[in-house]
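These are the structures, in structure tokens.
Here subunit A shows up in two complexes: once beside subunit B, once beside subunit C.
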Partner chain A sequence: MAADPKQQATDERLAALTLPEGGGWLGAARKDALGRLQAVRLPGRRDEYWRYTNPTPLVQTAPALDVPDQVEDPFAGLDTLVVTIDGDDISVPDTVPDGLEIGTLRNAAGADIHWAKDVYGRREAAGSRPVSRPLAMLNSAFATNGLVIRATGQVTQPIHIRTTGGTDPILHHVVKVESGASVTLLESGVAGARSNIVTEIEVADTGTFHHIRVDGPVRARHVNTHLFARLGTESTFKSFTLSAHGALTRNEAVIELTGDDAVSHIAGAAFGQGDFHHDDTVFVTHDAENCESRQVYKKVLRDGAVGVFQGKILVKEGAQKTDGYQISQSLLLDDDSVFLAKPELEIYADDVACSHGSTTGAIDETALFYLRSRGVPERDATNLLVLSFLAEAVEEIEDEGLRAHVSERLADWLSRD
Partner chain B sequence: MTVLDEMRVKEGVDAETVERVKSLSGTYKHGWNTEIETDYAPKGLSEDIVRLISEKNEEPEWMLDWRLEGYRRWVGMKEPKWAMVQYPEIDFQDQYYYARPSSMLEKPKSLDDVDPKLLETYKKLGIPLKEQAILAGVEPAPGEENRKVAVDAVFDSVSVGTTFQKELAKAGVIFCSISEAVREHPELVKKYLGSVVPQSDNYYATLNSAVFSDGSFVYIPKGVRCPMELSTYFRINAENTGQFERTLIIAEEESYVSYLEGCTAPQRDVAQLHAAVVEIVVLDDAEVKYSTVQNWYPGDENGRGGIYNFVTKRADCRGDRSKVMWTQVETGSAVTWKYPSCILRGDESQGEFYSIAIANNFQQADTGTKMIHLGKNTRSRIVSKGISAGKAQNTYRGLVSMHPKAKNSRNYTQCDSLLIGSECGAHTVPYIEVRNNSSRVEHEATTSKVDDDQMFYCRSRGMDEEEAVALVVNGFCKEVLQALPMEFAMEAQQLVAISLEGSVG
Partner chain C sequence: MLEIRNLHVKLEEEDKQILRGVDLTVEAGKVHAIMGPNGSGKSTLSYVLSGRDGYEVTDGTATLGGEDILAMEPEERAAAGLFLAFQYPVEIPGVGNMTFLRTAVNAQRKARGQEEVSAGDFLKLIREKAKALKIDADMLKRPVNVGFSGGEKKRNEILQMAMLEPKMCILDETDSGLDVDAMKLVAEGVNALRDEGRGFLVITHYQRLLNHIRPDVVHIMSEGRIVQTGGPELALEVEENGYGNILEGAA
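Let's look at the complex of A and B:
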């Protein structure tokens, strides 16, 4: 019998990696993740969860692309606390605002007792049920560094994680927002030709976490990210991602609402062309009463680009008064582009209001004609309509200043295409 | 009760649906059993059994070879596990694959020769096997002639009789059992059988290819509008016996037919298997309407017994401007696994799917449709209403696929779920694949509970809670019920109410 291709790919990848040294709580978490990975193996083309995205570039031993050039800072001009990650070297600012602790995973690993111990690998493991997420397991086992961020008070200055350099980094961030605390996390930059980034987030009761990620216009990059979040009572989680180009992006988000009255909004706006393949895979679990969740995803695709959306709302038994909403839409700018979607609902409670919608189509010819008849050149007219299409996702950014800033970047990058 | 009595009771059903439902004693009214002598093939499945079935049907060599190929492929296949249904492992060797009433040993020459017990069975089910009678529940409007419906009645593994064959033949329509078609019209069967659902399409379709025992065959010639509605009524009576029927419908250019399908089974403690295949071929400008009221025994309120219903139904719109409409009311079966699909190959062809799936007690339904758009300017519409009550699980699973060449095509999908009670589940698993930009695909789904305001309105007008739920649910299903032919719409409305009986409180 021929060797199982998944087993073979897993063996090859594991042989090419070395488990970072050190025992302690992190060592134990790494071993646990490795064990789980070996049991499920890395994803293959025939896995149901990868039916629309070929995982090979993310699984194979070495990145298939060269390291791309660095892009401009999309958050330039804003008052942020910048943390730079160069490959896996992290420089943490000396002074941080009150109510905030920032450290590196490497340093945290040395501590006998560390709060991150209760989060690292735990949220990821929980998020692998019922659907396994082997690339996140790989990350938990082999991450060479990452940030450990803890908010104990209302932090107004956003933290900006700026990645540069590296070739094939595996980074793992851990965030804890304590009861009543709030923090905003911004992410930008290019982390190598291929990156595997996991962020585990624990939001305690009444805590607030905002997240904005901007993947700027770099065409040749392979990105794989996972967000794992657990939300306590009356807590808030809001995450938005803007993706401009990139050869392959798979962004997974796994959100668990475990306390009553929690709110989770997750959104994404993406545009790209040619070999652009953008996959948003989202799994939201309602395990408490009276919670609200929203998923808003918009993609604009051109010249054979492929957009994928796999979104799920799971409402567990007893999660009454759930309000779940999900929308996935794509705009196909030409006949070669493709949109593939699997928007799922799985509901075990009766007093809920859940809905999902998905639409795909071409640009509105009437609107285009209107703009053209008023003297707007075709390119500009198209861009205007693209912007208005993506706006619904961008509007999910709560902070007005940040929202305006991201909108400007988006318009600028579109006009440069 | 005579057929006439039945008709009177069903008159004015719209206003009296709820009343009628209350008057029905049991929750499953077709659970009785016909005491009749039955010949079985030996238990289990093997090449010998396949040969035996073929021999009993007096089939030619090519048909046996086709079956055997199906069997050999099936042996190498694995049962699919992806559906959201759970049931104990099926022992395929612990079943009978062929059961025939002994009186059917010699095929009756006319309906008059059919065993009165069998005729009585169908009469009791409201299915008249006499040509002068009409389907129960329908009375002609004053001054209008009786509406005729031709019936092919399948009892366990054999077709008991087909009505109105002569009258249909005058119009050129062939309506007979599939076993008869294999003998009488081999050129048509050879050409089309397996051309829509290939022999090894999926596990259950492959099993069916090997052991199908009877089913209906319909051929509508070019330009013919079938003069009456055709229907097949499937009854499983024997214990531990699977029913594997195969239906083949061919609509030649510019033809039209409306086909109805009904099914029931006695109440038994042991689950029974039903794995059917329906293939429909639609050529240029032809139209086929296929309506099903699936009311197999659903098992008792503790989840014991019931039918495992694993069905493959597919229509191939081969011709330009061809049209298919699937309408289904799924209230029965312990487990349902069924996805009536449309391949929209011809330019401007159209596919429609209207479904109500009701799952109560321990029922599990995983059902939906596939719309495969291959031709230009093709259209499809999906309206699915799922209702879960008790401890039941109800899943809509569907695929809408726009291929690169299916320019300017449209799809609209709406799937709504209603939950009654806190221990049931309602799930939606749509797949949407769009590979060109001139097509438009829209998908909407909602899940909710029975609306409090509507309930309050009904209750304040003196309805008890069960009646009010039945009324609200009927309203929820209206779009689908309206798509059904009249004969079925009435039965379906009542079924919706019966299936939910006892789910409140």
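Let's look at the complex of A and C:
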């Protein structure tokens, strides 16, 4: 009998990895994750959840690409607390703002008792029900480092995780926002030819977490990220991702609204051409009353690029007064590009307002002609229309300064294409 | 300035002839008006001159200052000095009016080998021109034409024209949808641009606009041809008697 390809791929990958040393709470969490992974195995082409995206480049033992060059810092010029990551080497600044604790996973592993113990692997495990997320399990088992961040007060200076190097890193961040606290996390830089990054976020009652991730214009890059968040009563979670190019991106966001009156907004703007495959996979669970969730995803695809959106809103029994909104849209700049969308609503409460929509469109020829008739060259006119299309997702960034900054980078990168 | 010779145009997708031999010359410094029944081809003429897709020139020529404009891309025609104020200005969500205008002005300057205008100079200029057209700061900031009233859209077209300072201005029913005061504003905007070096082609259905923008020549278009050409009195005749007599005379 031929070997099961999923089993084989999983065995090969596991054989190529070593479980980082150390016992303690982290060692136990790693073993737990490894056990869960072995039970479900790494994703294969036939898996329903990977129907539109071939997981092979993320699963295979070594990255298929060379390490790309770094790109400029999209947050340059802003007052941020920069934490640099080079491979799994992390430098945390000596002084941090009041109300903030920040350290590395490696250091946290050595502590007998650590708050991260209650988050690490826990949110990920919860997020693997009902759909398993084996690449995140792999991450929980084998992550070599990551950040542990805890906000206990209103932290106004954003934390900027700036990745400056790496080849095939597996990083795992853990964030806890305590009751009444708030923090903003920025991410940028190229984390290698391939990266597997998991971020688990626990937002306690009335806490606020903002997240902006910018993947700059690098073409040869395989990215796999997972955000797992649990939201307490009256808490707020807002996450935005800009992806400029990248051969393969699979960004998963798994959000659980477990406290009443919580708010979760996630958004993404992506553009790419040719060898570009961009997949946003989102799972939002409403498990409390009067919560609001919103997902806004926009992709611009050119020259045979592929965009994927899988978005599910699950409203559990008793999650009354849920306000759920989801939109995924693509702008196809030619006939060769495709957008594959699978929006899903599953509702077990009767007093809810949920809407979702997905559209695929071409450039508005009338608008294009109008711009050109005023002297704007075709390419620039197209870029203006692309920008206006993506603007709706970028608008989801709440902070005006950060929003303007990201918009400017976006315009600049588009004009250089 | 603008010379159109024997222009024949059909739809690209269908076998439908729309312009059937248009001959028209607009000299620098002159205002020509075109009137004509609905569907006679006036807008088509303006689109073909400015380079919109979907039309096929089957015969004839059009030159601007001696240059063959039909061979040019729309943006090249604009840089060469052609401007069309649209009958139906287009809404562009997400693109700020001001950003749009600055991009356009600078793109044209770049195409002509001139330096870009600085942000400061641009702002000063646009404020001044917008004020004359009673376009407030809010309208400048809003996305292009989005949520503008019909009249505001038309005034916005004239603002663009004033900023771009084209050599040849084509106005397609800029008066339709305007109230009496707005019509005066628009006419003043146009008259302020009248000079020796600039030509105008004003498409309209009503004599009223021509009271404010005095034309030198009036043409009547019917079924894709200019069927009669005369002085301002021709517009008065249309106003009074409609097209009946003229079209019969032409037939």
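Simple rule for what comes next: the second predicted complex is superposed on the first by the 417 of 417 C-alpha atoms of A that agree within 3 Å, B and C clash if a C-alpha of one lies under 4 Å from a C-alpha of the other, contacts with A are read in each partner's own complex, and residues count from 1 in each chain.
Assume a contact is a pair of C-beta atoms (placed from the backbone, for glycine too) under 8 Å apart; a residue touches a chain by one contact, two chains touch by 3 or more.
Small disclaimer: the values here were computed from a predicted structure and weren't measured.
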### Message
A:Asp98 in the overlay: touching subunit B, subunit C, both, or neither? Say first, second, both or neither.
### Response
neither
### Query
Should A:Lys342 be classified as contacting the first partner (subunit B), the second (subunit C), both, or neither?
first
### Query
Now for A:Leu385: first (subunit B), second (subunit C), both, or neither, which partner does it touch?
second
### Task
Could you look at A:Arg372 and tell me whether it touches subunit B, subunit C, both or neither (first, second, both, neither)?
second
### Message
Comparing subunit B against subunit C, which has contacts with more of the residues in subunit A?
### Response
B
### Message
If we overlay the two complexes on their shared chain A, which of subunit B and subunit C does A:Leu332 touch? Say first, second, both or neither.
### Response
first
## Note on the structure
Footprint intersection on subunit A (subunit B / subunit C) at none
### Query
Within the complex, which stretch of subunit A touches subunit C?
365-367, 369-378, 380-381, 384-385, 387-389, 391-392
### Query
Taking the complex as given, what residues does subunit B use to touch subunit A?
82, 404, 407, 417, 419-449
### List of subunit A residues in touch with subunit B within their complex
48, 317-318, 320, 330, 332-362
#### Entry: Residue ranges of subunit C in contact with subunit A within the complex
50-53, 73-75, 77-79, 83-84, 86, 89-95, 99-101, 103-105, 107-108, 111, 143, 160, 164
